[in-house]
Each structure stands twice: as C-alpha cells, then as structure tokens.
Amino acid sequence: MQDKITIAILGASGYTGAELIRLLLAHPHARIALLTGDSQAGKPIGEVYPHLAAKGLPDLVSLEQAQYAGIDLVFCCLPHGTTQTVIAGLPAHVRIIDLSADFRLADPKQYAAWYGHAHQALALQKEAVYGLSEIARAAIAKARLVANPGCYPTCALLPLIPLLKSHVIRGEGIVIDAKSGVSGAGRAARQANLFTEIDGGVSAYGIAAHRHTPEIEQALALAAGSEVALTFTPHLMPMSRGMLATIYVQLAEKNTADDLRKLLLAAYAKEPFVHILPQGIAPATQQVRGTNDCVMNVFADRIPGRAIIVSAIDNLVKGASGQAVQNMNLMFGFEETIGLQLTSLFP
Amino acid sequence: MQDKITIAILGASGYTGAELIRLLLAHPHARIALLTGDSQAGKPIGEVYPHLAAKGLPDLVSLEQAQYAGIDLVFCCLPHGTTQTVIAGLPAHVRIIDLSADFRLADPKQYAAWYGHAHQALALQKEAVYGLSEIARAAIAKARLVANPGCYPTCALLPLIPLLKSHVIRGEGIVIDAKSGVSGAGRAARQANLFTEIDGGVSAYGIAAHRHTPEIEQALALAAGSEVALTFTPHLMPMSRGMLATIYVQLAEKNTADDLRKLLLAAYAKEPFVHILPQGIAPATQQVRGTNDCVMNVFADRIPGRAIIVSAIDNLVKGASGQAVQNMNLMFGFEETIGLQLTSLFP
Amino acid sequence: MQDKITIAILGASGYTGAELIRLLLAHPHARIALLTGDSQAGKPIGEVYPHLAAKGLPDLVSLEQAQYAGIDLVFCCLPHGTTQTVIAGLPAHVRIIDLSADFRLADPKQYAAWYGHAHQALALQKEAVYGLSEIARAAIAKARLVANPGCYPTCALLPLIPLLKSHVIRGEGIVIDAKSGVSGAGRAARQANLFTEIDGGVSAYGIAAHRHTPEIEQALALAAGSEVALTFTPHLMPMSRGMLATIYVQLAEKNTADDLRKLLLAAYAKEPFVHILPQGIAPATQQVRGTNDCVMNVFADRIPGRAIIVSAIDNLVKGASGQAVQNMNLMFGFEETIGLQLTSLFP
Amino acid sequence: MQDKITIAILGASGYTGAELIRLLLAHPHARIALLTGDSQAGKPIGEVYPHLAAKGLPDLVSLEQAQYAGIDLVFCCLPHGTTQTVIAGLPAHVRIIDLSADFRLADPKQYAAWYGHAHQALALQKEAVYGLSEIARAAIAKARLVANPGCYPTCALLPLIPLLKSHVIRGEGIVIDAKSGVSGAGRAARQANLFTEIDGGVSAYGIAAHRHTPEIEQALALAAGSEVALTFTPHLMPMSRGMLATIYVQLAEKNTADDLRKLLLAAYAKEPFVHILPQGIAPATQQVRGTNDCVMNVFADRIPGRAIIVSAIDNLVKGASGQAVQNMNLMFGFEETIGLQLTSLFP
C-alpha cells in the first residue's frame, strides 16, 4: 500500500470533476497531479471554478497533452460515449474509475440499443467491474477498470439488491419514481437548465426511456437470478443536489414491509454509508447533502402485499464522485471511509 | 342571475384565503364584503398580507363578529375539523363553498376513521356536493354546500376518472406518486416549513397514511362502479406552488397508452382548464403557475400492459381557490371561466 | 380611440416578449397579430413556451418575413444593439415601444462610449421619448417611438426623480445598491445562469460599469437641473423575478427622512402603480410579483443628514413589459391601468 | 497542549450549535461530551437533527442538568440576552466561546441602549475578548471568555479594519449594504421565515436599527483611533447560507481603489482563510459555502474619491461556528486551520 497515490482527472471542468477535487483535497492519501479540460485547456482551475482557486492544483491541460507517467489512478469524468477510445488508449500501469455510462452495461447489444452505436472497446467492457461499492467490494479491489454506477441506479439498487437476492419481493411490477437535483444534468449551457426555467417548478422527463433503466435492470437481474423489467420515471427538482427514489414493490408471499426493513437492517448493519432510518421516519435529501451516505426506509402500503421503499443520496457524492473515491479506497487498500466521513451541510 | 354577488371569506388569513382574494379582486361579478381571521381580528388585511394592501378590502373581524346579512356566498377556508359547526350555524340564505376536508367524505364512518372523531354535522354532510368542477357541474350548480376537492385529489382524479369510467384501466394497483409545493402546508409557523429546512431538499411524508387517500378512492370508486384501493405517496418539493402527480396504471385488456391519451383528449376536448399535451411532451408545474389549468399526458410504460400518466396543477389555484371560484361561477350562473382566464407566471 | 389595436412583438421568444404576451392576452383592447423569433421561426409559440400553448396566438416568423400591414403597434424586444436599423426600417404607420436600451440615451456620444459603436439611427434617437410612464405621460401619449426604461433605472428613478426635482436631496453622493432576479439576464443558454450556478448564492456584477448607469444619470440630471454622477452596484439574487433598490442619499439642508417620505406620498398620491408603504415598513419584492406596482419607503439613517430609500418592482413587469403596456395604454388613449390591475402572486 | 479537548455545547438545538457539531466531528482534537437543549432535553440529537444521527453524540440534556466536570471548553449558542448569568455561573476551569451578542459590546451603556436592559455580568464583560480571529489572535489565545463576532460584523470588519488602521479610507460616510441567507434568523418557528414567505423574494430589514451596527462601529473606532458612525442595511436573501457585504467608502487623499486592494493583499498575504480575489473578479457567496473563508475585492467607483469593496462569507461558518472553532484552535494551541480546511460545496 502506497501512502499517497497520484491521480489524474479527465474532464475536470464538469461538476463530477469538481466534486472529485473537493473530496480528494481532503483525502490524506491522494495527490492530484493532472487535470484535463479540453475547452478550458491552459487555464488555472480557479478560473473555471473560483471555489477551487488557491488550493495548489495543477492547471487544466487538453486530453491530448496529458502525460500519464507516474499516474496511479485516472478518474474519467468525460461525457458518455467519448471515453471508450480514451480509456482503451491509457497506459497499462494506470487503474481507471470511469464515471460515465460507457462501461456499465455488460451486454454489447444492450449498449448499442440504448446508446445508438456499437461499443468501441469491447475487450475493456468485458473486464470492467460495475462499482457499486457495497455490493462488489472484492471485485472492485482487484479491478483495473471500474465502471462507477449512475446516480439513479445507486439510489435504487442499494435497497433493492438485498431484497431481490433474498426473494422477499417479487421481480415483477417494480416502480421506481425518482427525483433528482439539477446538477445531474451537468454544467453545459442549456436553456432548459437555466435558473429561470427550473426555479419554482417540477417536471418528469425521459419517461420510460431513461438510459439508467437497463443499468438498474442488469444489476437487479443478477441479484434476482432472473430477468427483471421495471418502470422508472425520473423527475427534475428545483434544487442543485440530492436524489430521492420512491420505490413501489410487491411482497413475495407472506413477507411484510417490516420483514423487508429488518432484512435491510441486517444487510447493512456494518456498512458505514448506508443507514436504515428508525421505523416510520421518512428519508429526506437534506440529511445527506454533500455526504457519501444513503438513507432509506421501508413502509407498509395500504394495499395488502405491497410495500413502499424510500431511499435518498446526494447525486454528486454517493451517486458519483463520492462512490468513486470509495472505490479508489477499495482499489488501493485504504480504509474505505477515508476522506468520506462527512456530515451533511444542513441547513 | 345577479350582476354582483356579495362574498364572505372565513379564515382569510391563510394562503387559500389570500389566493381567493387575489382571484376575486379580478372577478367582475364578485364583491368581497367580509373577511374573518380570528387571531388577526381588527387588523387591515394589508397588515397580514402586504400585497393585499390598498385594494379596498374590509378589515379582518373575528368569526364571532361576522354578520351575514346581504351575503350571498361564504367561502370557508378554516382548518380541517373546525368548520362543521361553523357551517351548520350559517343562515339559510347563504350558499357555501368549503375548502376544508370536512364535507368531502360521504361515509361518516370513513370520516371518523381518518379524522379521529365523529362528524359534527351529519345532515349537512349528506347534502354536500363534491365539487370537482369538470365532473359534477350540474350538481354543483344547484348545491347549497360544495365541498371543494383537495389538491392531491384534483390532480389525480382529473386524469383517472374518465379512464376508470370507461374501464380502459384496471382499478387495482394504481400508484399515485405526488409532488407538492410547500404552500399546501399553510401559513402556520412550523419549524418543519422554515425556508432553511425545506430549501435544497426533497422528502416523502404521510406515506400510505395521507388523508387525501380516502377522498381519491371514494371518487374513483364512483367512477369505476366498484371499490378502488390505491397507493398514494405525497412528497414535499422546495417550491412554493405547484403539484405534479405521476400515476402508474395497469391497462385493461388490449388498451394502449395511446388509447388512454385519445380517450382523455375526447373527454376534455371542450374543457377550458384541462389540457392534454402533445404526444410525448411531459407536463411541468411551471406551465400552470398561478392558473386554474390542469395539464396532463399519457406515456407507454416499458412493461407491457402498463401506462404512466403525469398531471400538473397549481395546488393553490385548481387545487384550491381557483376551483372554488370555478364552482362559484357554476353556482351563480356566471360564465365558468370568468376571473380564471389566467396565463402562467413564467418565469 | 380604436376598440382594439393590432400588435406585433419582435423578439417574442425572450422573457420580455413572453411577459408581454401574458399581459396582452388579458388586455381587452389588444390583439396580437405577429410574433417574430428568428432562431425559432416557423414554430408555434407553444413549442417555445409551453405555458403559451392553446392561447390562439400566431406562430413565430422570422423578422424578414414580418408583414406590418394592419399593425398599429410594434413592441420591440430584440437584444440591445440590434434594433436600430430594424426600427428605422419600420413603416411610418406603426408606433413603436422599444424595450431594448437602443433609444434610451439622448446623447449619441454617451451611447457610443457605453455601447462601443456609433448609433445607427440618429434621427430616430432624437425623436424617441424616454418612457418612464409616471414622469413623461404627455410626451409618451404623443410619441411615435417610446424607449421603454430599463429595470434598474425604473426602480431607482421612481423614488429619486421627485426628490431631486424638489431639491430635498443632494445630487452628489447617491449610492444605488440594487438586487435583481435572474430573468433580467434573458433566456439565452449561458453557463453563468444555470440553476446550479445561481441557486443558494448571491453576487455582485458589473460593479461601477453597468450600462444602466448613464440611463439613470441622464434622467436624474434632467430632474435636478444639473449633472448627476452616482454609484450603482447591481447584484444577482437566487430568484427568477423581482428587483430591490436600496438607495443612500444625502439630505439637502434641514430636510429629514420624514420630509422625503411626505414629498413622495404627495407626488404619488394619485398614481395607481406607485405606493409609499406605511411608516417603518420595508418593501419586499414578494409584494409586487407579477404586478406593475412599485412599492417604496424612506428611512432615517443613523448618520445625521442622510436617508435610506428602498424601492421594489417586478423587473419583468414594471421594469419591462408591464411598463410597456402602460405606455401602450397612454399612446392609444386607453385607461392607463387596463390590463395591469394585478395582484401579486404570493406565496 | 492536550491532544483532545472535551467540549460542551450549550444550546445545541439551534443552527449554530448544529454547525459546530458538523465542524467538531471532523476535528481531530475535539471530543463533544455535553449537548444542552432545554426544549428538547432527553432526546437524541438525531431526533432534532436527523443528519446528526449515528455520529456517536451524547443526548441533549437541560441546561440545569449540565455537568461541567472534565469539560475544557464551553461553546455557548444560547439566544442573545440569556447567556450572561449562565456564563457567569460556569466553573472557573472551563474556557468559553460565546456565540451570542452578550459580550461583544465593551461599553455597558451602549449594551443597555441597544439591548434594552442593563448587562447582567459586568465583570465578565470587561474580561471578554472580541474574537475576530485574524485581528485579535494573541488576546484570543490567552482569553478565558471569547465573544465570537456576529456574522455581519465579521463580513464587514475583515476588509475595513486594515483600511481604517492605515487611514487609506475615511471614517465618515461608510455605507454597508449587506445581504444574508435565512439561517442567520435561527431555527425558531416564525411565520416570517417560512419557505413560502421567503422563496422568490428579497427584502431589507432592521434598516438603520440592526444591533450589529454598534458592534461594527466599536471595532472600526478601535482601528481608526477615532469614533466611526456608519450606515448599515441588512437584507434577507432567498437562500439558506451565505453573506455578501457591499461596502461604499471614501478614499483618504490621493489613494486609489488599487491602493486599497494592494494594502489588503499585503495585510492578508499569510492568512489561510482570507482571500483577495484577482483584479476585477467579484466575490460570490457560492465560493465559500460551508467554508471558513472570506473572499473580498476592491473596485474603483465611477465617482472620483470613492471605492466599492465586496466581501463574502458563509454566515454560519466564518460568521459563527467556523470562526468559533478557529478561536478554539487559537485558545488551545492547535494549528489554526485544523478542522477548517474545507472546500465550498459547489454546486
């Protein structure tokens, strides 16, 4: 185990890149040596993100100029669809955590169907480990390439995987109604994401068509041991961070909501980041703002045979950069919670 | 038909009272003659609501001091559980629109079960008409006492009633995941509703236990011709106004989401306030801010045999005071849209 | 006086254009016949602004395709710097209200100095009337071309002009510290105006360099009868609408803050849109949301010889489209308040 | 120097108490042993603040039940006016950082004039050190009782003290226009601070009458060596955290805004928490969210002889609990930045 690892962040000018920097600056074993940002190459990061000025960070360089000698770990924060050849071209000595969706789907056909083009790095895709930390610890620790999960999948999978694995809920008829802060949409200048367009309103989007759907289904099928098809509706909230998933499930015979709650309590009893709230208490994203935590709870539905699960994360932390750091800790043998023992910024 | 009716608002110091005033000030046939507000009695309304100063409104009086001579219509905006004896004591010549939940449930047993005490005005309860304007026009027109629907019921029932009536969806397994602005919680000083507690976060509340549930089920059972039990989860959004319901339904045999959409288009073709959006366009509460409109749409789910319906209103307008004015128009023979031809305050 | 005037809006796809449409839809004497929007030409306005769908509005056309036969009035909502030749090319029979800054400065040298290029329509510039409705009623009524005031100037000038005219305050040392909602920045997709960049924070911008400065100084010099140079600092607030100006002034000899307040009370006693609040009550933008009102008040400073004035408007209404409609009413002989008797959308 | 100090927080159920807990949980030399909260006594802190559950914190006790044996340091977060006898009654071995205003004013007459009653602990008042960390390091290090500065004073004094000390600006005519997030108003349930009342609007309050005025003037008089009377207007912003002060000053003869900027650069060159931004860049509260930083800059005014200073902090951190921890570090000989090397939570 090295005391300090040397890190590159590709695509550091986006929100997940900036969030990685925030977390790594407080990490005792991390040294940020390389930041790329093609459209901003040559600028100090403090010009792109004033809150990151005066932190001793390297200037942004273009991807082309990036030198990987001495780099132990690359975080790849590039947009979906652009990382496959980039990652395929990285030298063999670097390990990689990819925050895009490019290596999350194991089935090339499914990738092609949802993303509209054939995968460009099939060999790597096979090798990539889906990095839901609590579920795949051992594999992550040994992986060269970790596909960091999406925010919606993380929020939904953490409660659903143990339940499906134990067959206390049915694989059919799962409905995930998810609510996300706007930072998930990234920092690109888009009219739809202007303050004036978002403030004071909520809306649904990508109804029955969001690309995180196959990612969730793939992980649930693995847990259940059989195909899972589900309903997933994302919504946009007038807030910057935070994600809440309200999940409607059908109980497998004789189980109760309380059984589900107890099973989750047991499954996550020793987990530092996953918390089942006291009976009857509803999760709120305010509890996890800026942290790597996932809080969840289970409620009996009025309709017999059904239960309601609510789960909350910070989409930029446990839903992206925080889980990436957690995976880094696993990969390099650091204490898993290092750099991530955070308290919610409330209020 | 009178040219101007004379109006009293009981409980004018709450948000639905203030919203009624906003709408009635622009109504050519309305004259506000009496405003009550027990805790603020004696004050000009402009002291309680600065935006209502200098509008020629009467000062607040206590409920006890209220005089009903010459009053044609009473809007009752008092808290749930307090209106039954008040309304029972009103003189026979006044007609009443009650914005509380007190007269919405037809079954006294169900009222007692959900509200924890026996109903205090059983005779009136029988007489009350459930005032979902688009559905009960004729009865509303003749009613002495209209029970104005709740915000969540209005948002869910407008799409669901025509679909259940036509049996194109099944009565079982309906899931209503609803998102509301904070104004629905009223103006009482509560820590949970402070800006600092709400801003930047979302949460679920009243899971499987919200009192609007039996109200929705009662109306759906009437439409379906058989009992309906459903799943209803309300959520609190960091915004003042607006409500979005995402509704998951099972299609009755052979129907498609498109069939549902066409049925709603036909059902609401002539309605001034209910709009089915173009194919594929998702409703947003920004479209209806400050208006009496309900916008909705239907989407095919990925799971065969299911559809997703999204519906949006302004909880204070179509979900409360606007629908109350619409009902007033029906009761007094005014053009139904008078005073309600509003355009969303966007941005 | 015509019963209905026929209206064109050039640049209808921006926020001031959309706000004009909102107001004109409720105006009994207005008929919108032409909407231009170059980048969106050919689209129904409801595609660009979903809240304006189903209102019977014409589709967007390009500026080039615009036909002015039958048009009585053109509202020009184009970006600063682009309207001069457009307006110069309009047929003689149309009257024009320009919401850009292009015709607000009377001195061509000053225009060139602040906007970086020579004015392209000097003859028209001479003819243009600066349309601060309360101050220039008679001239506006007769004008062919009205230069609609900027939002910051409107908010600051309404209190300052009567005070400087009466010489109860000094022309030197005026400090205007102004706070604006984000809609003033328009609907163009800019990273700086993303929800995530704005939410939860405030900042100053254009310090001592904002182009509204000469506009304010020009109007104050006219009122004072001598040159006025002032300090003006705009700030961006995490809200969509609303503007508050906190103005620090020096009293001319022997005057008190109370004298100033009384003078404003007298000056605006008969004005329908300008309200001096009760003694000691501080203005808030919440009171004027969506309305054409300006609320203001005067406070004694702790430092002898100084006073603090606070003034609030909705930047999109009295600060732009509402004042434009008020000017339209003046130009066409309609009751000045028609279409503008609005109550704040609060909460 | 002890490795770990044992800490009590009196009034832990308010926002400054919760923020102290957040910061101290990440402090390697702090151990929280006692939390009081009279109205919530007996509850786990996680019931009062869900985000503080599962952190190994003691339950809340009443002030009366508090035991100070073994306590090294008391943070007092009680409301203004309630701490004087409490603090006077603390055992001699504890050191105290008081976050209320009770010990900030050195002159008992001024205290009585602004707070409406005679000071209850005059001897302690004399002993108290005004804890603006950067200015009073040596005295803080030795103090038993530190009066932690108010948020507005901290934000205004950090730029103004070095400038007045060097006589590059004049003591007369200083105008401080300050904008604050709502958390400064505390967690008490007040109608005025409901989400619905605050969202989407800004307002001024306490105009020329805010109790932070004498606190600012006292510190500036000390710096200038002569009395200072100033204009101070606080404003409420629709955001939870953050404070921006826009300060208008008159230059002492021959000085320029650039001279002021250079002087501040020199004065704070070695300070870890105070940052003068690059020339021309305006501070924004987004840069300091959740951090102990103060960012500032100086701008030339258009009026000769004047300058504009803008300064930003997080009101709950550098404006309250963060500075309290900084003072704790000074008092106990820890590295001043320990526990405070934070990066803004942006977005």
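Remarks
Letters A, B, C and D name the chains as they come in the text, with residue numbers starting at 1 for each one.
Here, a residue touches a chain if its C-beta (ideal position, glycine included) is under 8 Å from a C-beta of that chain, and two chains touch if they have at least 3 such contacts.
Everything numeric here is computed off the predicted structure, so don't read it as measured data.
Common neighbours of chain A and chain D, listed by label, are B, C.
Two chain pairs, B-C and A-C, are compared here, and B-C has more C-beta pairs in contact (counted per touch definition above). Summarising the inter-chain layout, the chain whose CA centre lies farthest from the centre of chain A is C. One simple way to say how far apart two chains are is to compare their mean CA positions; for chain A and chain B this gives 39 Å.
With centres defined as mean CA coordinates, chain C is found 46 Å away from chain A. Between the Cα centres of chain B and chain C there is a gap of 36 Å. Multi-chain contact residues, meaning those touching two or more other chains, occur in chain D at positions 15, 183, 196-197, 199-200, 238-241, 284, 286, 289, 347.
Per the touch definition, chain C reaches chain A in the complex via residues 15, 182-183, 187-191, 193-200, 238-240.
By the touch criterion given at the top, residues 173, 175, 177, 179, 181, 196-197, 199-205, 207-208, 213, 229-233, 235, 237-242, 244, 246, 248, 282-286, 289, 299-303, 306, 308, 310, 312, 347 of chain A touch chain B in their complex.
Chain A makes touch with chain D in their complex at residues 15, 18, 21-22, 25-26, 49-55, 183, 199-200, 240-241, 275, 277, 281, 284, 286-290, 341-347.
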